[in-house]
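Given below, in the form of C-alpha cells, are the structures.
One chain, chain A, links the two complexes that follow: it is found with chain B in the first and with chain C in the second.
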Partner chain A sequence: MIDALFEGLLLVLQWKAFAFMLLGIGLGFWVGLLPGLGGATTLALMLPFIYAMQPVEAFAFLLGMHSVVATTGDITSVLFGVPGEATAAATILDGHAMAKKGEAGRALGAALTSSLIGALVGAFALALAIPVVRPLVLTFGSPELFMVAIVGLAFIASLSAHGARGMLRGFLAGGLGLFFATVGQDPQAGIARYTLGTLYLWGGLELVPMLIGIFAIPEIIDLVVRGTSIAGDVPPGRLNKGALEGVKDTFRHFWLTIRCSLIGTFIGIMPGLGGSVAQWMAYGHATQSARNAEERKQFGAGDVRGVLGPGAANNSKEGGALIPTVAFGVPGSSAMAILLGGFFLMGLVPGPDMLTKHLAVTFSMVWTIVLANVITVVACFLFLNQLARLTAVRGHLLIPVILVLVFIGSYTANNHYGDVLVMLLFGGIGYLMVVGGWPRAPFVLGLVLGKIAENYLYISVARYEAAWLYRPVVLVLLGLALVVICYPLIQARRAGAKKDAHA
Partner chain B sequence: MHSKASLGLGVGIMILSAWGVISALAWPWKAALFPLVIGIPIFCLAATEVLWVLFGSTVRGETMDFQLSTHLPEQVTLRRTALAVGWMLGFFGAIVLVSFPVAVPLFVFLYLKLQGREGWGLSLIFTVAVWALFYGLFDRLLHLPFPDGWIQTWAGLT
Partner chain C sequence: MRSTLALIAVFTLMAIAPRVGEAQSSRYEGKTVTIVVGYKTGGGYDATARLLARHLPKHIPGKPTVIVQNMPGANSLIAANHVYAVAKPDGLTIGTFNRNLPIAQLIKVEGVKFDMTKFAWVGSAASESTVLAIRADLPYQSFDELRKAGKTVVIGATGPGANTYDFPLLIKELLGVNLKIVSGYSSSADIMLAIERKEVDGRAGSYTSLRPFIDRDLVRPVIRARATEAGIEQLPVDEDLAPTPRAKAIMALRSVPEVIGRPYVMPPGTPDDAVKMMREAFRNAIKDPELVAEAKKAKMALEFVSGDEALKVVKELLAQPKDVVDEFSKYIKFGE
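Now for the complex of A and B:
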C-alpha cells in the first residue's frame, strides 16, 4: 500500500500529468470565480478532451480543475456577496459581512486556509477509508438518508436565528425551500406540479439562479442604498492587511476546522447529498461552537468561524465524494457522476479493481486533490491583499459589473430568460427575508435538499410503509434532530435564568 | 418595515401553501406525498407567524444573516431601494428588447453616467472594457447562445 502511495505521487509528478493538472487548475480557478458557471458543467464540457490522455493525466486534469472550483468560489462570495459556486453560498453570510467591515483580507485568508485543510482532510479520508467505508455506506438506506436531510434542516433552522420566534421563522424558511423544490415534473408519477402551464417549469427551478437571486440581490440593493464602496468608510490602509490574520484564525479554531472538514467528508460520502448541503451543515456546526447567545449573535455579522466551517467542508467533501465513486461506482454528487464517465472513457471500472490492480491510479487522485489545493492556495495568497482592495472600489463602478455577472450567471443555467426572471423573483424573496429578519440559510438548504429528501421519503414509504420510522439509525437521527432543536432553547432559557439571578 | 415584510411573507406563504395543498389533493399519492407533507406544516407555521406579527411583540428577530444599512433616513433608503429595483428591472427589460450583447454596454454606460455621475471618458472606457470582457468570454470563448431581442426580431435585423 505504501508503495502504491508513492507510486501515485510519482505518477502525478510526471511532467505531462503535472502540466495537465496545472491547466485544469487554471480553468477551475476562473470557473470558480464566475457566478453561474458550475464545476460540474465545466467537468462535462472538458470530458471529451480526455480521450487522448492516459488515465493519470486525465484525472490530474479533471480533478485538478474540480478541486479548486470551490476554493475560488469563496473569493466572489467574500468580496461581492455573489456566490461564485452553489457550494460557496454559505461563506457569504459571515465572509461578506467581514468584507463590509474592512476585513476582506482576513476573511479570504481564513477561507483559503480552511479550504486547504479541508481538502487535505478529505484526501486523507479518501486514502484511509476506501477499505473500511463499505459497511458505513451500506448501513444508510433511503430512510436513514431522508433523516440525515431532516437533521441537516433542523440543524440550520434552529441555529440560524434566536429564540422561539427565530426558530419558527427558520423552520418556515426551510419548509418554503422544500416546497419550491417540488416545482416541476414529479419523479415518480410524472405529474407536472406547480408549473403554471409553462414548459419552462417542467424541469423544476434551477438552483443557481435562485441562489444568486437570494444572496446577490439584497447585497446589491444595500450597496446602492449606502452609495459607498463595499468596505464603506474603512481606511484603505487596513484593507490590504489581514490575510495572515485569517491564516492564524484557522489555527486558533483548528479543531472546528477539522470537525467541519469531517462533516464535509461524511456528507460527501453519502450519495446524493452533495457539497451544497455540506457547507450549510458545517455552518450550522460552526454556530454551535458559540459558547453563549451573545456570542452566537456575532454569526452573520462577520464571525470568522462562519467562514472557516463552510470553507473547510466545501473542499473536504471532494475526497469524501470520491470514496463511493471509486470503491463502488456510486457517485456522491453530480460532478462525481460526470467523473465516473471519465473512468469509463479511460477503460477503468470502479470497484475492487481500483483498490487492487489500479491502486496507484487511485492514490494519484488523492495526490491530485492535495497538490491542486496547495498550488491554488499559494497562488491566491500571492495577490490576496490586492483582491481585498476591490472592496474599496466605488460602489457605482462595481454595481454594473456585478449585475452583468449576476444576470449572465443566472441565464447560463438553461440559457433561458426564465432563469433571469427566477433570479429576480428569488432576489425579491431574499430581500423581504432580510428586511423581515428571516434567516436565508434554512431556505437555501430546503431548496437544495428538496428533491433528494422527496426521493428518499418516497422510497422509504413505498418500500417499508410506516416501518421505516422504527429503524435503529432512523431513531438515533430523529433523537439527534430533537436535541438540535431543543438545545438552543434550553441554552437561551439557562442564559435568561442566569441573568435574572444576577439581577 | 420589518413587521410589514414579515406579514407579507407570512400571508404569501399561507396563500402559496394553501394553493399547493389543494392542487396536490387532485394528484396520485406518489406525486402528492411530499407536497402534502411539506405544505400542511408550513401553512400552520405561516399562520402562527402572521398571528404573531398581528398580535404579538413587534421586536425584530435576530438572525445569523446580514443586516441592511440603517444609518440613512427611511425616505432616502426607500427612494434608493426603488432606484436599485428600477435599474435591475430596466436591465432585464433591455435584455428582452435588444438582447444581451446590446443591453450590457447600454446598461453599463447609462448606469455610470446617470447613477454614478461619472465623466464621459471614464464611462466610455469602462463600458468598452466590460463589453470586451462579456464578448470575449461569454460570446467568443464559451459560445453562449444569446437570442435576438424583440426589437431586432420586429425590425427584421436577425
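Now for the complex of A and C:
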C-alpha cells in the first residue's frame, strides 16, 4: 500500500505525465473562469486526445484539468457575481458581497485556500475510503438517497432569515425552486410537464442559464444603478491587500472548512446526487456557525465563512466522486461518467482491479488532484491582488464584458436561444427576489434537489411501498433533517437564554 | 519509404480519377462538414459522431474539416427538425439522432416536423442489441425458468422511451412475465448500482453496456431483442415467444429501430452526387482499420448499415397497419 502510494507519486512526476498535467491545468483554468463551459463538457471534448497517451499521462491530463475547474470557477463567482461553474454558484452569495465591500482579495484568498483544503480532504478521503467504499455506497439505496435530499432541503431553515416571516419566505422560495425542477418529461409516465407546447422545455430547465440569471443579472443591474465600480465606495488603495487575510481566515475557521470538505466528499461519493448539491449543503452548514442573529445577518452580506464552505465543498466532492467510479465502475457525477470512458480507452476496467493490480495508477490520480490544486492555487496567488483590482474598474467599462460572458455562458449550455431566454427570465426572478428581500439560496436548493428528491421518492415507494420508512439509515437521516430544521430555533433560544443570564 | 509510396499512390489516383471525383473534390475542398448530434457531449451518440468526425475526412475527396455540433433537446427532435427544415441541403450537414425518431413519427408525437423517409439517408454506424439481464444470484438460469417461477422480479429503468423501460414492459405485458418496473433512475450506471445493493433484480439495456457486469458474474442475460451480436446469439428472442401475431408485431416494431442504432442522414434535397459520395465515405470510414482500432479501445461496437437498407427499415416501420400502431402506442411512449 505505502509502496503503491509512492509509486503513484513517482508516476505523476515523470516528465511526460507532469507536462500533460500542466497542460490540463492550463485548460481547466480557463474553463473554470468562463461561465457556461463546464468541466464535464470539456472532458468529453478532450477525451480523443488521450488515445496516444499512457494511462498515468491520460489521467494526469484529464484529472489535472477537471480538478482545477471548480477552483478557478470560484474566482469568476467572487469577482463578478457570475457563476464560473454551476458548482461555484454558492460562492457568489458572500464572495461577491465581499468584493462589493472592497474585500475581493480576501474573498479570493479564502476561496482558493479553502478549495485547496477541500481538494486535499477529497483526495485523502479517496485514498482512505478505498477499503470501505463498497459497504458505504451499498448502504445508501434509493430511500436513503431520498432522505439525503430531504436533509439538503432542511438546510433551507438555515438559509432563510430568522423569524417566522423569514422562514416562511425561505420555504416558499424553496417550494418555487422545487416547482421549476418539475418542468420537462417525467421519467415515470413519460408525460411532458409545463413544457408550454415547446420542444425546448422537454428536457427540463437547464441549470447553468438559471444560475447565471439568478445571480449575475441582479448584480449587473445593481452595478448599473450605482454607476460606480464593483467595490464602489472603497478607496482604491485598500484593494491590493487582503489575499493573505483570506488565507488566515481559512485557518481561523479551519474546522468549518474541514467539515464542509467532508460534506462535499460525502455528496461526491453518493452517485446520483449531482455536483451542484454539495456547495449548497456546505453553505447551509456554514450559516449554522453564526453564533447569534447579528452574525446570521452577515451571511449574504459578505461573511467569509460563506465563502469557505462552498469553496471547500465544490473541490472535495471531486475526490469523492472518483471513489465509486474507481471502485465500481459506476460514475459519481456526469464528469466522472466521461472519465469512465477514459478508463476504457486506456484498457483499464474500473472495479476491484483498480484497488489491487492497478493500485499505483489509482494513487497517481490522488496525487494528480493534490498537485493540480497546489499548483493552481500557488499560481493564482501570484496575481490574486491584481485580479482583485478588477473590482475597482468603473462599471460602464466592466458591464459589457460581463454581459458578453453572461450571454455566451448561458447559450453554450444547449446552443439554443431558449437558454438565453431562461437566463433573462430567471434574472428577472432573481432581481425581484433581491429587491423584495427573498433569499435566493433556498430557491436554488429547491432547483438542484427537486429531480433527485422526486425520482428517489418514487423509486422508494414503487420498490418498497411503505416499508422504506422503517429502514434504519432513513430514520437516522430523518432525525438529522429535524435537527437541521430546528437548529436555528435552538440557537435563537440559547442566545435568548444567554442574554437573560447577562441581564 | 512508406510516404513515398503513398505519394506515388496519390499521384496515380489523381491521374486516373474520373471527372466526377474532381467535381466532388472542389465541392468539399476547404469546406467544413458539420455533424449535428441530437444529444449533449459525452453520450453514446456523441462519442460515435466524434469518432467518425476524426476519420471521415480521409475518405472524402477534398479532405474537408469535419466538426461535431451538439444540438440537444426533446430527445433529438430539435436537432432532427433543424436538419430537416433549416440546414441547407448543400452536402455540408449530416445529422445523427435518436434511433427512435421513426417511432415518434409513427405514433404522431407532437413536435415532429419531419418525414423520416424524406431525409437523404447516409446509413447507420451501429446496431444496438438489447438484452434483459437479471442478478446472477437469483435461482433462474433461463428465461423459461423466470417465466414459470411467477415470482415478482423487480426491474430498474430510466424512463419510458428508453430500452431500459420499453423492452421489459413488453415482456411483462405481452409475454406475461411477472416483472415490476421501477423507473426514474438517472442513468443505466445508476441502475447497475441498485442491482449491486439488491434494490432491483435486473435491468434491460444494450449488451455492450451490460457486458462488463455479465463478465463479472453480477448479472446474467436471459432474453434479447431482434438485433444481435457475438456472444448472445443463443438467447431466446422476445418476438419468437409472442403468443399472438399482434404481440409479435408490436415487439418487432419496438426492436426495428435498434437495427439502425446510430442513424446518419442528410437534409432532404441534398444533391444525389453528394449523398452518394458521403455514403461511400461513411462506409469506408467505418471499415477504416484506424477507426476500428480506436472503437475497439473505447469498447464501442460499430456496424455499418447502408443508407438504402436503413431507409428500407424505416419505410417498413412506418407502413404498419393502424390497429398495430394503436395497440403499440398504448405501451410505448417516445422519450430519452
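Just so we're on the same page, the second predicted complex is superposed on the first by the 487 of 503 C-alpha atoms of A that agree within 3 Å, B and C clash if a C-alpha of one lies under 4 Å from a C-alpha of the other, contacts with A are read in each partner's own complex, and residues count from 1 in each chain.
Following the convention adopted for this analysis, contacts are C-beta pairs under 8 Å (C-beta built on N, C-alpha and C of every residue); 3 or more make two chains touch, one makes a residue touch a chain.
If you're wondering where the values come from, they're calculated on a predicted model, not measured in any experiment.
> Label the relationship between chain B and chain C on chain A in the superposed model as either fit or clash.
Here the two partners, once superposed via chain A, fit next to each other without clashing.
> Applying the document's definition of touch, where does A:141 land relative to chain B and chain C: first, second, both, or neither?
The second partner, chain C, only.
> In the combined three-chain superposition, what is the angle centred on chain A between chain B and chain C, taking C-alpha centres, to the nearest 10 degrees?
80
> Now for A:434: first (chain B), second (chain C), both, or neither, which partner does it touch?
first
> Output check: A:394 vs chain B and chain C. Expected answer is one of first, second, both, neither. What do you get?
The first partner, chain B, only.
> Looking at the overlay, what does A:189 touch: chain B (first), chain C (second), both, or neither?
Both: A:189 reaches chain B and chain C.
> Can A:458 be said to touch chain B (first), chain C (second), both, or neither?
In the superposition, A:458 contacts both chain B and chain C.
> For the three-chain arrangement built by superposition, which of chain B and chain C touches the greater number of chain A residues?
Comparing chain B with chain C, the partner touching more chain A residues is B.
> Now for A:407: first (chain B), second (chain C), both, or neither, which partner does it touch?
first
> Per the contact definition in the header, classify A:415: touching chain B only (first), chain C only (second), both, or neither.
Both partners.
> Return first, second, both or neither, reflecting whether A:299 touches chain B, chain C, both chains, or no partner chain.
The first partner, chain B, only.
> Counting only touches as set out at the top, which of chain B and chain C does A:172 meet: first, second, both, neither?
A:172: touches chain B, not chain C.
> In the superposition described above, what is the shortest C-alpha distance between chain B and chain C in Å? Please give a whole number.
Least C-alpha distance: 7 Å.
> Quick check on the output: what are the common chain A residues between the chain B footprint and the chain C footprint?
186, 188-189, 415, 454, 458, 462
> Once bound in the complex, which stretches of chain A touch chain B?
34, 37, 81, 92-93, 96-97, 100, 159-163, 165-166, 168-169, 171-172, 175-176, 178-179, 182, 186, 188-189, 191, 193-194, 217-222, 224-227, 287, 296-297, 299-301, 306, 394, 396-397, 399-401, 403-404, 407-408, 411-412, 415, 417, 420-421, 424, 427, 429, 432-441, 453-454, 457-458, 461-462
> For the complex, which residues does chain A have touching chain C?
40-41, 43-45, 47-48, 51, 137-139, 141-142, 185-190, 197, 199-200, 202-203, 271-272, 324, 328-331, 334, 337-338, 340-341, 344-345, 347, 349, 351, 414-416, 454-456, 458-459, 462-463
> Going by the contact rule set out above, which residues of chain C touch chain A in the complex?
Going through chain C, the ones touching chain A are 40-42, 46-47, 50-51, 54, 69-75, 77-78, 81, 110-111, 154, 156, 158-161, 180, 182-187, 189-190, 192-194, 196-197, 199-200, 212, 216, 294, 297-299, 333-335.
> Can you tell me which positions in chain B touch chain A when the two form their complex?
Per the touch definition, chain B meets chain A at residues 1-3, 5-6, 8-10, 13, 16-17, 20, 23-24, 27-28, 30-31, 33-35, 37-39, 41-42, 45-46, 48-49, 52, 56-57, 60-69, 72, 76-77, 80-81, 83-85, 87-89, 91-92, 95-96, 100, 104, 107-108, 111-112, 115-116, 118, 126, 130, 134, 137-138, 142, 144-145, 147.
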